[in-house]
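Chain IDs A, B, C and D follow the sequence of writing; residue 1 opens each chain.
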Amino acid sequence: MSLDVLYFAWVRERIGLPKEQLETQAATVMDLVEELRAREERYAAAFADISALKVALDQELSEFDAPLAGVREVAFFPPMTGG
Amino acid sequence: MSLDVLYFAWVRERIGLPKEQLETQAATVMDLVEELRAREERYAAAFADISALKVALDQELSEFDAPLAGVREVAFFPPMTGG
Amino acid sequence: MPVRIQAEPFDPGAELNAFSKTASDVGAVVSFTGLVRDVSGGLEVMEIEHYPAMTEPAIEAMVTEAKTRWALADVLVIHRFGHLNAGDTIMMVATASRHRADAFAAADFLMDYLKSRAPFWKKEVTGEGAAWVESKAEDETALERWKA
Amino acid sequence: MPVRIQAEPFDPGAELNAFSKTASDVGAVVSFTGLVRDVSGGLEVMEIEHYPAMTEPAIEAMVTEAKTRWALADVLVIHRFGHLNAGDTIMMVATASRHRADAFAAADFLMDYLKSRAPFWKKEVTGEGAAWVESKAEDETALERWKA
């Protein structure tokens, strides 16, 4: 399946890009994280501690054990600091 | 002793004046209220139910059993409705 | 001057902007504005009476108390008296702080006290006549929240 | 439009005045404005990043929730992104209601949610360098207040 993967704030800075398109067979967000970690050091650094991260699936906050079936866009970012 | 007595809102309207100077020997606010009630019907009407009234002594909220010794100004009014 | 009691109308937006610029190291500004309700079909006019010698000292005591309870950079209170028309701004409170929790709590506190402890009395004039606004039991209940 | 996400500066006072005039039967307007703190001696600049496709829907969901919980005549949310200078207004929330308790609670609620659930990330740039603002445990605790 083809996924748009977005990175924000220091996740974006560590990985070095805001967005990429990926082909993956990952069943869950966590599977996708493992795939990314295995890829390159900068991904491993960005995803070193996922308790410091949040994930949104198709622009809705979700969890790392959520399935990816039917999802078009995955976003990883640190806790929000709006307001 | 000489006292300035002030009336606000519907107390002022019932009594028909905003302020008067009184000579009184009243020891407490309640004594003064009794004196006023005995004076004329409009005072009796204004002070019929003192649970609906508040009193300030020298511009500080007080109680009906407070002593009047040393006080210069007494004000009677309904509960405030500011804001 | 942080407390102003006046008959004249004022511009809440201009006051908010001026207030937000006064203090440095401020991250949060909360404002409350009270309006004469413009009820459709029953245009309302309001007369506000107050006790001039008491009003300003009473409000300044509330502001002092608020500054004791919360970390406030600045406080503004403006309250009108006299004749007001539907849609007019009756009064305004603004609080400035580093953090939003202090600014919110202080504005909420000041409004509860202004409502039931500042010497103002409102009279509403509608098509059906004039009536003094009655204090509400819920306004006394609201004050209980702030008891030590 | 009640939710605006923009790079451009805005005038909080003008927004407050316009907002207060929109709804009839409103007696209480509460506003919150968040500012880039102008810390004396360490002029601060802020960069705000956001997630465009998510930001507006997420905030609109918060506004809908607030309108379910409290009797609100109107709600306004403006939030900037991009480059901001010390003293700039970052964002603003305003709520209008017949009664002050609803207006205060809704503004407080919206701020807690905007703080930790709207997809914005702040980076502070000072004389000592740049750093992403970290979320605070107290901001998560604040959200607990609104659990059903």
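Couple of notes before you dig in:
Going forward, a contact is a pair of C-beta atoms (placed from the backbone, for glycine too) under 8 Å apart; a residue touches a chain by one contact, two chains touch by 3 or more.
Since this is a predicted model, take the numbers as computed values, not measurements.
Centroid distances built from C-alpha atoms place A farthest away from subunit C. Subunit A and subunit D have centres, each the mean of its CA atoms, that are 26 Å apart. Subunit A and subunit B have CA centres that are 72 Å apart.
Averaged C-alpha coordinates give centres for subunit A and subunit C that are 48 Å from one another. Across the assembly, subunit A contributes 83 as residues in contact with two or more other chains. Counting partners per residue, subunit D has 34, 100, 111, 115 as the residues that reach two or more other chains. You'll find the chains touch as A-D, B-C, C-D.
The touching residues of subunit D, counted against subunit A in their complex, run 34, 49-51, 53-54, 57-58, 79, 90-91, 111, 114-123, 132-135.
Listing the residues of subunit C that touch subunit D in their complex gives 11-17, 20-21, 24-40, 87, 89, 98, 100-101, 103-104, 107-108, 111, 115, 138, 142. Residues 6, 8-10, 12, 56, 59-61, 73, 75, 77-83 of subunit A are the ones touching subunit D in the complex.
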